[in-house]
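Below are structures written as structure tokens.
Same chain, two partners: chain A is paired with chain B first, then with chain C.
The block that comes next holds the complex of A and B.
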């Protein structure tokens, strides 16, 4: 007699279900999890034996770059947060319908432009003889001698903020649009100013969405190679450029893997903050 | 009570795009009065409340508080606090923070805020809940927090936008009385928007009935209940039975011609401006009295219809009958049940029969046309 489980289904049916998800599972296992584990293991391998060699070398050569990366991505995240709150806030609380409509139409555009193109645009815009400085000089705000290139850490931050703000603003504006309008009017009724409405009533209600958007942006920015290569091809630079350099110039997969693992730890630490916050919210 | 001077609306109108939402609203509210704005959904009552609160500006007219024009003042400069239908509590703030937020905005010191929030909590029976978030409160508690938040800033006028409609039916009944008692105790002027007739009757000093953006009638609960000014008000206040009769004024009486279901009779005019011709007669099921058809019902002035019981049910307290009068059906209550098919006489006392001249109804209703043909023949 076949064993019938309590839910009344027979065993072969269960295997059929498993069989159906198997292709998807296999893709994830072989194309995603396995390479990740191999890279992680590779980070601890120096010429066939396990050890900390790659990490010693990484920290000797790239400590500055790790700090540089963390600083740039963190600063960009903060600026993206401020900009997207400002955009979302204006879309939600703005009282000038034409201005709101124009902003709504305009702010999403950078989302559809690839990072490499952003890098290229900003390279011509921010360089010493770029469009920005030329405009300032023509307007008499700057003398040609005082013109400086922004193609360093500032250029990367500008590129990241320019590219990622629309994405976070899209999420934040959506969340703001779906909060109960009465909660805003209740505060207005009691005399809250526009800024207080935004910071004390609206933003706290979309805090979770904002956090998710910023974490996704953080992780995206950690993995962008084209922008540091286009804008800041000097030292210190970002970890992605270092990884590419180790692999392409030296074939040094050990150090590249170690750098990758450090990036992963940095990204994971941010995700951990998010997980903690969301658990706290649910408790 | 001083009738004019406290809160006054003069010729207020409001339009939303091309739609006229409110037309020509004149209203004068005394200090300490509890006024219910009553109407079906879409009649403009919430628009009127939001206009009073300052969230929208009228397209015409003015709003005055103590003879001061507040028509274009921002919401917080009017001395009014609004309690929202959805309560609109801030989910990220505790009960104490919700109640104290208005005080915080006024720049009051922390210790005083704490003291006033505590006083408000004990007034509303929210002791011990100060650290809770709104999600952890019951519907009734949320409603009281919303009320506490509005009352904490000590407003002169309390605006209530269907504050009881999200409560369980049983809690609603007690909250009605609590809210009314609190309003009396604080001596605060309250304007309460509702679509619930009974709620308005029980709570308000004065009822303002809105229909299609206009005031259909205003008066005490007894007034609007017993002396409806129009067929709309009568229907809205529960006089759902409608029949079309023919008649003409004769001195201080109104003579009604015999119809398919009624004999000719005469009713006191009571100063009603009725013209000769077709009239719309409305009455409540509970105002009618039922007798077996062969009983001659002559108890005071009134009108007797003869018909047949079509159905009977027991909603509680009395038996409700659906009675066929010619090709019309009406409802009438009685203490005992009449069998379906039984011939009955329905007596409606004169004071419970609301008559309105209806020149346009004459052509619309077949029952009123038939007797008019007979009368003139």
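The block that comes next holds the complex of A and C.
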């Protein structure tokens, strides 16, 4: 009988385990990490040599767009936060069962609609003679002369908030449903109003989930091209539209890569806030 | 006898692959370009040359679509493939130059019968690059200013008049900037031709001189002012949309799109076109064939059919309201006068000849777009 050394089996086993994750690792390495590195390197390449040329040009032409993007996405994130707290809060604290059921059924719908379709819908909805203004005019709330088109930064914000709120609300409502109801009941017994209940008892307990949802939304919104393209591909516009323009009109991947790297830095800075917060919580 | 029939089978089988070829046609442009090949040209070709099939691949609208085809060629060239996977490509004018310079294309025009019917200068020079022999124009398209006669009884005849009109009627002029489609780009190019301070002909024909790009400051300053007074529309279709809803009274559009929208009822029949002096750019779409196309003989037959007077009349002019790619007289013969004249309702052939301009050559084109990005914010 052959004698197997005590650790003779563990070596092949470890090897086997590595082999099993290898396809997944290879996919990540070749389809994600490698292109990321190539684009990061490409951002510093100007006609074959390394330099800051792409970034000089980026800041020269697109500083306003970078600020615009950050403002739009931040504002949208704040509004999404408020809306999802309101929805989640009503689902948790609402006392009218029918209203709660209707809201629960309704609020998730936008999640299943692609961004490009949102852009398309809002393009006809928000324009000067679009459905929204026409409704206001017919209700007598607005005169035709005062009607203005919302197809600018406001349109982008509306599209983002409309599309991303359900996602964050879903996370937040789930977290709210699982918090200990005793704290809510106790506060209620002491006479706290529902708003105070929401803001001082419920929201602090779901703050972490809310942050995660908002950060994921922030990163998603940073990467959306269809909405700015459909609603407002003017100047200033969002970085994604600029990246597409650099590639399509000039075939210029250098500046496009530089713009990509800048949006990566913006997204990463938000993720860093999240990481710090989660580390603090664990400590 | 048995041997004979085997031999016959062998011959038939040997001959089969020759007949059952699949031609791959990659086309840039909107969905209507893919539809044109799938619904009209493809079936016609399959009927004319039975046994062969045509596969149309749309690569997306605008310059982005042509850029994708160019990158596909780049990749196959870098990989040193012997047979490329595209037999015929339809690309924008701007991308033909790089394709020719990089030696990707076959010089096929003299090989096909219809090659002789090409007369326009833009089949020889494409934005400053000599492409003579490498391209067959599929069609020519033109931009112009569309206006609503109910709101603008006397349309401006020149860019200067247009600028004055827009000042007097804030937000009534709409265009799509330069990032939302080529009709806006074309309007900007026309603005530089009109107010650029240099010689517009140098911009169109070259040579490229750095000094020339310094002469546009005043033009861009006035364009920035003009733009704050204008409505910015979302895309080529966006301008037509806003026009049809009465949100703007005037805006630059592609002539073929304008007529197609009118024919579909998406735009009121009362809308009209005007080509302001000194003119606005238009561009052809070109049929090109890679040097290493897998089905060269068939590809030549396809392009010859597509550029025959009959197909140009029926497909290009009648169905899509494009200006023909080959010499107009040959196409006109195939059509009745009413159909032909539809092309020239608002813009006469004389207007078109005098004010239909090419886009600036590639380096000026890029310089103008970047200058726009820098100054019109």
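The rule we apply is simple: the second predicted complex is superposed on the first by the 273 of 283 C-alpha atoms of A that agree within 3 Å, B and C clash if a C-alpha of one lies under 4 Å from a C-alpha of the other, contacts with A are read in each partner's own complex, and residues count from 1 in each chain.
Keep this in mind: a residue touches a chain if its C-beta (ideal position, glycine included) is under 8 Å from a C-beta of that chain, and two chains touch if they have at least 3 such contacts.
These figures come from a predicted structure and were not determined experimentally.
A.B. asks: Could you tell me whether chain B and chain C fit or clash when both sit on chain A in the superposition?
C.D. replies: Taken together on chain A, chain C would fit alongside chain B, as the superposition shows.
A.B. asks: Who does A:14 touch here: chain B (first), chain C (second), both, or neither?
C.D. replies: neither
A.B. asks: Would you sort A:96 into first (chain B), second (chain C), both or neither based on which partner it touches?
C.D. replies: A:96 sits against neither chain B nor chain C.
A.B. asks: Among the partners chain B and chain C, which is in contact with a greater number of residues of chain A?
C.D. replies: It is C that touches the greater number of chain A residues.
A.B. asks: Between chain B and chain C, whom does A:276 touch in the aligned arrangement: first, second, both, or neither?
C.D. replies: In the superposition, A:276 contacts neither chain B nor chain C.
A.B. asks: In the overlay of the two complexes, what angle sits at the CA centre of chain A between those of chain B and chain C, given in steps of 10 degrees?
C.D. replies: 150
A.B. asks: Counting only touches as set out at the top, which of chain B and chain C does A:201 meet: first, second, both, neither?
C.D. replies: first
A.B. asks: Looking at the overlay, does A:64 come into contact with chain B only (first), chain C only (second), both, or neither?
C.D. replies: It touches chain C, and chain B stays clear.
A.B. asks: Which value in Å is the smallest Cα separation between chain B and chain C when the structures are fitted on chain A?
C.D. replies: Between chain B and chain C, the minimum C-alpha distance equals 47 Å.
A.B. asks: Find the residues of chain A that appear in the contact set with chain B and again in the contact set with chain C.
C.D. replies: No residue sits in both footprints.
A.B. asks: Enumerate the contact residues on chain A facing chain C in the complex.
C.D. replies: Touch list, chain A to chain C: 60-62, 64, 123, 127-129, 149, 151-152, 229-237, 241-242, 244-245, 247-251.
A.B. asks: Okay, in this complex, where on chain B does chain A touch?
C.D. replies: Interface residues on the chain B side: 53-55, 74-77, 80-82, 84-93, 101-102, 105-106, 149, 153.
A.B. asks: What does chain A use to touch chain B in their complex?
C.D. replies: Residue list for chain A touching chain B: 180, 182-183, 185-192, 196, 201, 204-205, 207.
A.B. asks: How about chain C: which of its residues touch chain A in the complex?
C.D. replies: 62-64, 67, 70, 176-180, 231-232, 234-235, 238, 241-242, 245-247, 366, 369-370, 373-374, 376-377
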